[in-house]
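Naming follows writing order (A, B, C and D), and every chain is counted from residue 1.
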Amino acid sequence: MMAALLEVKALKAFYGSTQSLYDVSFEIPAGGITTLLGANGAGKTTTLRAICNMVRTEGAVRFEGHDILGKPTEEIVRRRIAHVPEGRGTFTSLTVDENLRIAAYTRKDKDGVKAERERVFNYFPRLRERIQQQAGTLSGGEQQMLAIARALMLKPRLMLLDEPSFGLAPLIVVEIFRILKRINEEEKVSILLVEQNAALALDLASHAYVLETGRVVMSGDSSVVKNDENIRKSYLGY
Amino acid sequence: MEQFLEQLASGLANGAIYACVALALVMIYVSTDHLNFAQGEMAMFSTYISWQLMQWGLNFWVAFLGAVAISFVMGVLIERVILRPLHNAPVLSVVVVFIGLLAICNSMAGAIWSYLIKEYPSPFPKSSFGIAGVIGPHQLGVVLITLIVLSLLFAFFRFTPLGLAMRAAAQNPQMARLVGVRVDWMLALGWGLAAAIGAVAGIMVAHIVYLDPNMMGGILLYAFAAALVGGIGNPGGAVVGGFIVGVLENMVAYTGNQIEKLTGVYIIGNGEKLTVALIIVIFVLTLKPAGLFGRVVVKRV
Amino acid sequence: MRAFPRKWLAVLIALSIVIPLLHPVLPDLVSNYRLFLVSTMIIASIAVLGLNLLTGFNGQISLGHSAFYAVGAYTAAILMDKLDCPYYLTLPAAAILSFIVGYLFGLPALRLEGHYLALATFALALSVPQILKYKWLEGLTGGVQGIVLSKPEVPFGLPLTEDQWLYYYCLIVMLILYWAAANILKSRSGRAMMAIRDYHIAADTMGIDTSLYKTVTFGISAAYTGIAGALSASAIAFVAPDSFSFFLSIKFLIGLVVGGVGSLTGSVIGGIFYVLVDNSAQALSTFVKNELGLQFDLSAYTVFGILLIVLMYLMPMGIAGGLFAVIRRLRRS
Amino acid sequence: MYKTNRRAFVAGASAAAILSGTRAAFAQKKYDDGASDTEIKIGHTNPYSGPASSYGVIGKLHQAYWKAVNERGGINGRKINFITYDDGYSPPKTVEMVRKLVEEDKVLCTFNTLGTPCNTAIHKYMNQKKVPQLYVATGASKWGDPQHFPWTMGYQPDYQTEAVIYAKHILANIKNAKIAVLMQNDDYGKDYFEGFKKGLGKDVGQIVKHATYETTDPTVDSQVIQLKDSGANVFFNISIPKFAAQAIRKAADIGWKPTQYLNNVSSSVAATMKPAGFDNCQGIITSLYLMDSTDHQWDANEDMKGWREFMAKNMPGANIADGGYIYAYSVSYLMEQTLKHCGDNLTRANLMKQAASFNKFRVPMLLPGISVSTSASDFYPIQAVQLARFKGESWDLFGDIMHAESS
């Protein structure tokens, strides 16, 4: 097995004095798509937030061999981990153009940024049409596209996606997931996907972890997980 | 008619002052969501710094730039040292800290430079421009400088990555962190910019109202009104709001004066002009609750 | 709301009733001046309580409470001066008038939130001294000269000094008002008030008439502060427009925050602080100058500013909040 | 006023009667609260903070003055314990502070408490307590009323008297005067304005415009425009230095050239005339009773030399252009002399008696020819002023010393 891109070991997380992660460990290989499944409140979102140090954490998080636990969020971003939080990660009062510009804030290579923009528009041609529009005025699907586009502007090694399908029409969800697949393949970006829609997620991902009340209770290849009886009952509903 | 023009011009000139201070208030508001009660006193302190630099022999513009730069650093320091530890404190507690800051700035300026009012030079040529009898060169200069500061700010926020980052940090700090913006520093930067703009405002005001530790007390009240009229998150609105408050106030006095002249009955005059102006402003606000230029933001519950 | 232990409360009230009676025995310790000082603290704490009802329990900010204080004070002063009305009858009058003014002001305020409400109330604070000086009202208000009054007389030939009586008078009023406030807050209406503060939009959908509650709260809050104003007119025996400037509102706000937003106990602490902080700042400033021999002129105002900042550092939730936190920690360990 | 007040202040007994009671007691030592063999306590309030903090210099000079007195050995062997509190120019605070002074600190008297509203708030209290409220720092006319308030005494010429003098001067010198008045909207402004109207008498109709300003107004530009618009040819400026300077400059800016009368409150060259611009001030008329430290005509004057020496020695680093230091120095001197005259009889009654017994007493820094005179029925220590016209960079005194008959 090749070296893991992201290694999470015995991760604990706290909101104030309440603990919401107890013992989360997993690994993400470079280049693949991994998904975190679990019921509401199982700690999926918290895990993503913990990786970016947006909650109080204990344990170990290693990215490309470097310990990043406890580093400020903005430093972690500079290691090219792009986090698309749930509920559309855009700046609603900024225009689409400004959203893309701010996304490349940490990058100093002007030419690279320019090229990135073109690639992003290639994935999401609709954003080019809306370039001067305020992000808040976009439709839900467009906002999600902008959020992913924004993450891409970072030229990330790893993308953390939190519920990209949330509140979107099924057709749009399918489109977005197709684009995610393309991004994963063409840009060599590893993706950690948190999804309510387990069926979709397991189709897309190659590897899956299942969280329950702040602990990893199961992991394995997507195909294996998909066929597990418990999973089928609890998350896939058939 | 002559009085009307003079009142209008004087209202615009006063409005420019309010606008300048209001700009500084807006700067802090957009970057930190706080209304800084100490803004006026900080501006006054900066003005004393420029005065001191001139006393040491520097020429006006050098002292001006020096004071602006020093104020910028002071603003950053105040944020880092005094406000940083209070990040999670309730808004009202921060307001009390601002009041503390106000008291300190005011009394320190008095202790260092005394309370005797001082004349403060105008950088603008005595009479080569301006419309004689209606608006003086300095007043025109203040209007001009205010507009320049506003355009600079506009350009900064619109076109520079740093300006964009500040807006992003203000709008959604968590998200801003996720694109790599050092949000803490953006807050400090906002304070620095506000202090620098305040310094400009103070230096422009000082020639008109004279330099003394209490010179900003009254003006800050007007600047608050101006900032809120224009929609507190909007620099352009603040400037327009400043002019509106300045002109409106004089027009109220003017109208009262005309009524008294025509009918011989005193109804409103100088004593009531601020009150009446504010009532008009509030009436407008109840119709347009987000300020004249603000956008209504529906917050999620 | 955290309840103050009933036992302690009884002890405190008993002490506050008995100690002033010791004046004849210990004239220096329980001096008239100190009784007067405590009276001003009580008055301030009533005013802060009024503000707390609005800001702390209903979530509406006000920079205009000096206006309601002025309405109360002038109502009392004019009644006593022009109509020879006995001082104790001025309280209900001041309360009613302040309530009406507050309620009416609450109506347009409904459409304003946050900073805009701050602006509107701020405008109110600025305009009241102007209105008091208004040419056509001068006959009533005494204009810029204000009105000189007399202090409340001791009734029924009680063997009390003027200041003792003033103290009891203020204390009785305060106890009644606190009892009323505590009961309001415990009632359905009180819970509705707080629901509006915490979940404004949700409160609407829960079937709470938010407009009514907000305006009535504004009125009640104004009435409390107005009563405090009326008491102060009696205590100081002088009213003048300059006593009711915007800075008075700021002082109430400081009292509110330093005491504890949303805490009845905090209002009392805030009232005490409101009076003490100036004096202690002065004492500290003199101490630094004389005892420590600091050459630089550290004025009382500077000390005041530093005190405020330090307090907010140590107890960002106010003194009441800080105390409760300490008590909780002690209990846990 | 509340009629049923049973503690009517001492109005019944005339001041003279009270004072005569202690006349014989000079030989033996007699003390009231605040005085002893070793110490005399004097209380004082002053705004050191807040919007009126520019008056803080007065309190600072007092402190330095009494320290210097103590270093010289005190008064008749007693040290002065000068206690000063900040009242922020807020009347309720003044009441609190003065009660502290009288009841806790037990001062013999208060001295030079500052501000008309602040003194009004304690006026009745001091007289009920029978504690001298000496030489208050305000020019309102109500402080010289020994019949009703035998324990209160003013110091400087009162505003009304001063305004009467201007009014008479206008009537005598300007034909067809049309007068515009700028006035601070408080009791200080009001007092001047009332006096002015009184002085004009039947010619009060010559006032064609009267504009007020608030101390929170950033500028008085709007008011000056209104005044100009009235077509007035005389401008009576009742404002504090900052606004007076603004008004003078604004008038010049908009080309209004009336004959200007400026109240004594703003006669400081450093605080008013220089900021307004000397060019704009030429010909302005005011009345003076104190010397101005920036005026070189006094450079050789013994008083001025003494004052400069005092300042250099006791208040190094102070801005000596500030007129507050001169005012405070002169009134402190008068207080020191009053205490000296009391000898060993340091009762409050005797203090009032001594304060009311000055006859043409010369106090340093008063203009030559002006002196302090008081009596049991005259509680206005200084009642003379001299008119002055601004010329070049200083005041040019003209005419006789004018004694006001008002009291």
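Here is the rule we use: a contact is a pair of C-beta atoms (placed from the backbone, for glycine too) under 8 Å apart; a residue touches a chain by one contact, two chains touch by 3 or more.
Just so it is clear, the structure is predicted and the values come from calculations on it, not from any experiment.
The minimum number of touch steps linking subunit A to subunit C comes to 2.
Geometrically, the chain at the heart of the complex, using CA-atom means, is B. Relative to the C-alpha centre of subunit A, the farthest chain centre belongs to D. Rounded to a whole number, the gap between the C-alpha centres of subunit C and subunit D is 35 angstrom. With centres taken as mean Cα positions, subunit B sits 43 Å from subunit A.
One inter-chain figure worth recording: subunit A and subunit D are separated by 76 Å, centre to centre, where each centre is the mean of the chain's CA atoms. In subunit D, the residues that reach two or more other chains under the touch definition are 49, 53, 56, 185, 214, 216. Taken residue by residue, subunit B touches two or more other chains at 103, 106-107, 110, 221, 269, 271, 274, whereas all remaining positions touch fewer. For subunit A, the set of residues touching two or more other chains is empty.
Working note: touching chain pairs come out as A-B, B-C, B-D, C-D.
Residues 49, 51, 53-57, 185, 211-219, 221-223, 225-226, 228-229, 241-242, 245-246, 253-255, 270-271, 274-275, 277, 318-319, 321-322 of subunit D are the ones touching subunit B in the complex. Those residues of subunit A that touch subunit B in the shared complex are 52, 54, 72-74, 77-78, 82-83, 85, 89-94, 98, 101-103, 105-106, 150, 154.
Residues 1-6, 48-50, 53, 56, 85-86, 88-93, 95-96, 99-100, 102-104, 117, 120-121, 123-125, 185-187, 189-190, 214, 216 of subunit D are the ones that touch subunit C when the two sit in their complex. Those residues of subunit B lying in contact with subunit C across their complex are 35, 37, 82, 85-86, 88-90, 92-97, 99-104, 106-108, 110-111, 221, 224-225, 228, 232, 266, 269, 271-272, 274-275, 278-279, 281-283, 285-286, 289-291, 301. Across the complex, subunit C meets subunit B through its residues 55, 61, 108, 111-113, 115-116, 118-120, 122-123, 126-127, 130-131, 133-136, 199-202, 246, 250, 253-254, 256-258, 261, 296-299, 301-302, 304-309, 311-313, 316-318.
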